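Consider the two complexes below, in which chain A is the common component and chain B and chain C are the respective partners.
== the complex of A and B ==
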């Protein structure tokens, strides 16, 4: 999209989310959609994040609580299985970790710089007191 | 196409393809988008949406981006409901004349608005929509404050809450006027369905939304939306606050059918004291000072009497 000055906008504006025609959006998953440059899907809010969620699939029971309670559509779930976290759109609020029912939790928050492989290798053990 | 989406459990629900996108500018931990996702995913039909001015509108349609994958319009602060009602009237007229290109598709008409745009500014317009009987759904994202403009009080702000236009201090405990009972007002229009929902009870919510889509006529939905910025709690606690709101009965979940039949849809097993709900939020922090402690007792009494009233109404089927 060509850049415009702040005073060059039209009074009303119409944005098209998709390039071309999509017949049934409700049956098309995000990866199969042809998003246009106007969709915020093509943007990123990753720089908002100070801490990031890391997903450890070993403990996940696919309850999908994190999927339903994610405010940013960042928990990717396909065919009833949790696949991972969409790091372009995650704002690091931590709701997914709070609602995770497993012990130990299968999602935990780490600092943005943390190395994913090493934190999964050192994942906390089961908390007996809470169990 | 128009048959109801079958959602038995959360795993089945999670196969839905979202029609709301991330990278919107809502605060981390905002409940608005959770409510919007639960509403939009409750149906597979096409959607005609609007949003009145408020957090949801300014954050999801920041030029040159939009976060909506369906027809969506924003006009003004007050007229989100009437914009959708107009679209619905046009749809009906074209259908009658046989001019729809795909008459087998039955779009759903939903207008989203905050409590400011529903309880105060858009009140008359919503009332008009309900009175005229458009086949629309109006969803209120009730965060009990004008969060978009910096936390001014609205007529949804509850007693004792500290807002920027009703701040707490030496002489005041914050907001002094009780919350407007919007549910009763809307149900008094005789609309086919009015319901109060909360994002943490997703199944209750989806059931109510699907019922709302299925009935012919205007539907009013009031959804509690914990606001991390103005209610002053940690972003990760959004669902915890919503749990407290429903379990302390500050925000009871019920529905009113045809303005006459009240059903309570969620009875908490362990009712949490209102004090816990208040203590979890920064906007009520001052109530725990010695001179304002009597307000907590008043809060509890008010919530109890309201709950007793709802139960009496349910029992008497009125």
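== the complex of A and C ==
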């Protein structure tokens, strides 16, 4: 964001989420919304993440638990189907993994450097004891 | 939800607390979040009763502390409502963190601060320690010397605070017990006239405007924080005083009661003068008149507006005085008193030859008697005659034990 002088911005350390007026925002997908420059939607706020969730769609039952519980709205769901994780906003807290009810889990935490394809290829098998 | 209007007599016998509660009712405050504390309790109790009896359309939020009370007020103000509360002393101390939030977020909240001493030792009586403690918090501060003024200044505070060029919270001070619990005749406004003066609340950047979503209470680090604080200080220094002056004028037009940032009494030809706050102003005025009969040209200055500090107005009012006493009802704990320092700052770099001395008095509700003030005016006259301050620069009035004097 441009560095403005003290007299060049709105009072009150107040930030607008959108440029101008919004209408029917609930029915507009995030990527189609006119987020302002000051909205954190357009900023990466995840650079201090150490571990990341990896999503394996083969086991997902689309229960939406992860979407509901994610404290940063970083689970991307479309038409009630989980399609991925927003890595610009995910802080790596692991709550999505914790609440995932499938066996094996459809989301697991790996180090930030882990290669997604290879961890999916080596995904843990069903835990027969738990089942 | 409709509400009933209340028929008031032209003059009602109210104490400062009830006068403030009535002003909050007549201003139709939307939200009061409060945690009761002596001696301010009857203000929020009064609002709650008016609300329960159907005289207000609003919400009373019961909270678990003063910190929570101001936090709820901040939320309600950011949502877009007319908001007020009241507190004293320890309650204000607990609130102090959120006071800076309210002013930095530029939210117009009116806080009735019923001045009371700060512990320790615990004390419920009136002094100005709480008022002084938060003087750098970015709030506008008015000072009432009696119940009538506590009533009037509430309307004035809403009108100044909520103006879109101002948008800063305001405190209306009144002395604990001496004003808050002393019933006096108060000239009233009708409900319609009072609400007409304060006006409909006009929201700005409110969170309930769903078509323009906003985030309040953001974080800024070294790259932005300074600019926001500079903006707030600039507005306090340049915009607030002219707005207060114009609202004072409007209020005089409506009621005939004239307020000034610096209230002068017998100052036109005064040789000696006392500068003080709260109920002490009225006592000092009475003694100043008595002193005139004894040949001492005594005057009194009471500060109606404490923040923003009326720097030029007070320098102007004091320019021809020979000896000035700054009376501080708060222990400076290791420095000169606040009024002493502010007045010294305002007079330094001017041509005045005035002699300035400071006095600490009335802590924990100790009376400031007429005898104290007679002795004080005589001491000021002695200073004026000698052409120098004949005492130490800081003295204590009315404390038991060996005489205390410093600096």
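Everything below uses one rule, namely that the second predicted complex is superposed on the first by the 119 of 131 C-alpha atoms of A that agree within 3 Å, B and C clash if a C-alpha of one lies under 4 Å from a C-alpha of the other, contacts with A are read in each partner's own complex, and residues count from 1 in each chain.
Basically, contacts are C-beta pairs under 8 Å (C-beta built on N, C-alpha and C of every residue); 3 or more make two chains touch, one makes a residue touch a chain.
Keep in mind that what you see is a predicted model, and the values were worked out from it rather than measured.
S.K.: Contacts for A:21 in the overlay, against chain B (first) and chain C (second): which applies, first, second, both or neither?
M.R.: The answer is second: A:21 touches chain C but not chain B.
S.K.: Is A:95 contacted by the first partner chain B, the second partner chain C, both or neither?
M.R.: Touch status of A:95: first partner only.
S.K.: Chain A residues in contact: does chain B have more, or chain C?
M.R.: B
S.K.: Between chain B (first) and chain C (second), which, if any, makes contact with A:64: first, second, both or neither?
M.R.: first
S.K.: State whether A:53 touches chain B only (first), chain C only (second), both chains, or neither.
M.R.: Neither partner.
S.K.: For A:5 in the superposed arrangement: first (chain B), second (chain C), both or neither?
M.R.: It touches chain C, and chain B stays clear.
S.K.: One more residue to check, A:13. First (chain B), second (chain C), both or neither?
M.R.: After superposing on A, A:13 lies in contact with both chain B and chain C.
S.K.: Determine, under the contact definition given at the top, whether A:86 touches first (chain B), second (chain C), both, or neither.
M.R.: In the superposition, A:86 touches chain B alone.
S.K.: For chain A, which residues lie in the overlap of the chain B contacts and the chain C contacts?
M.R.: 9, 13, 15, 17-18, 25, 38
S.K.: Can you list the chain C residues touching chain A in their complex?
M.R.: 104-107, 167, 205, 211-218, 220, 223-224, 226-228, 230-232, 234-235
S.K.: Help me check something: in the complex, which residues belonging to chain A touch chain B?
M.R.: Within the complex, chain A touches chain B at residues 1, 9, 13, 15, 17-18, 25-30, 33, 37-45, 48, 62-65, 67-74, 77-80, 86, 88-95, 97-99.
S.K.: Under the stated contact criterion, what part of chain A meets chain C in this complex?
M.R.: Those in contact with chain C are residues 3-7, 9-18, 21-23, 25, 38.
S.K.: Using the touch rule from the top, collect the residues of chain B that touch chain A in their complex.
M.R.: 10-26, 28-34, 37-38, 43-46, 60-70, 199-200, 202, 228, 235-240
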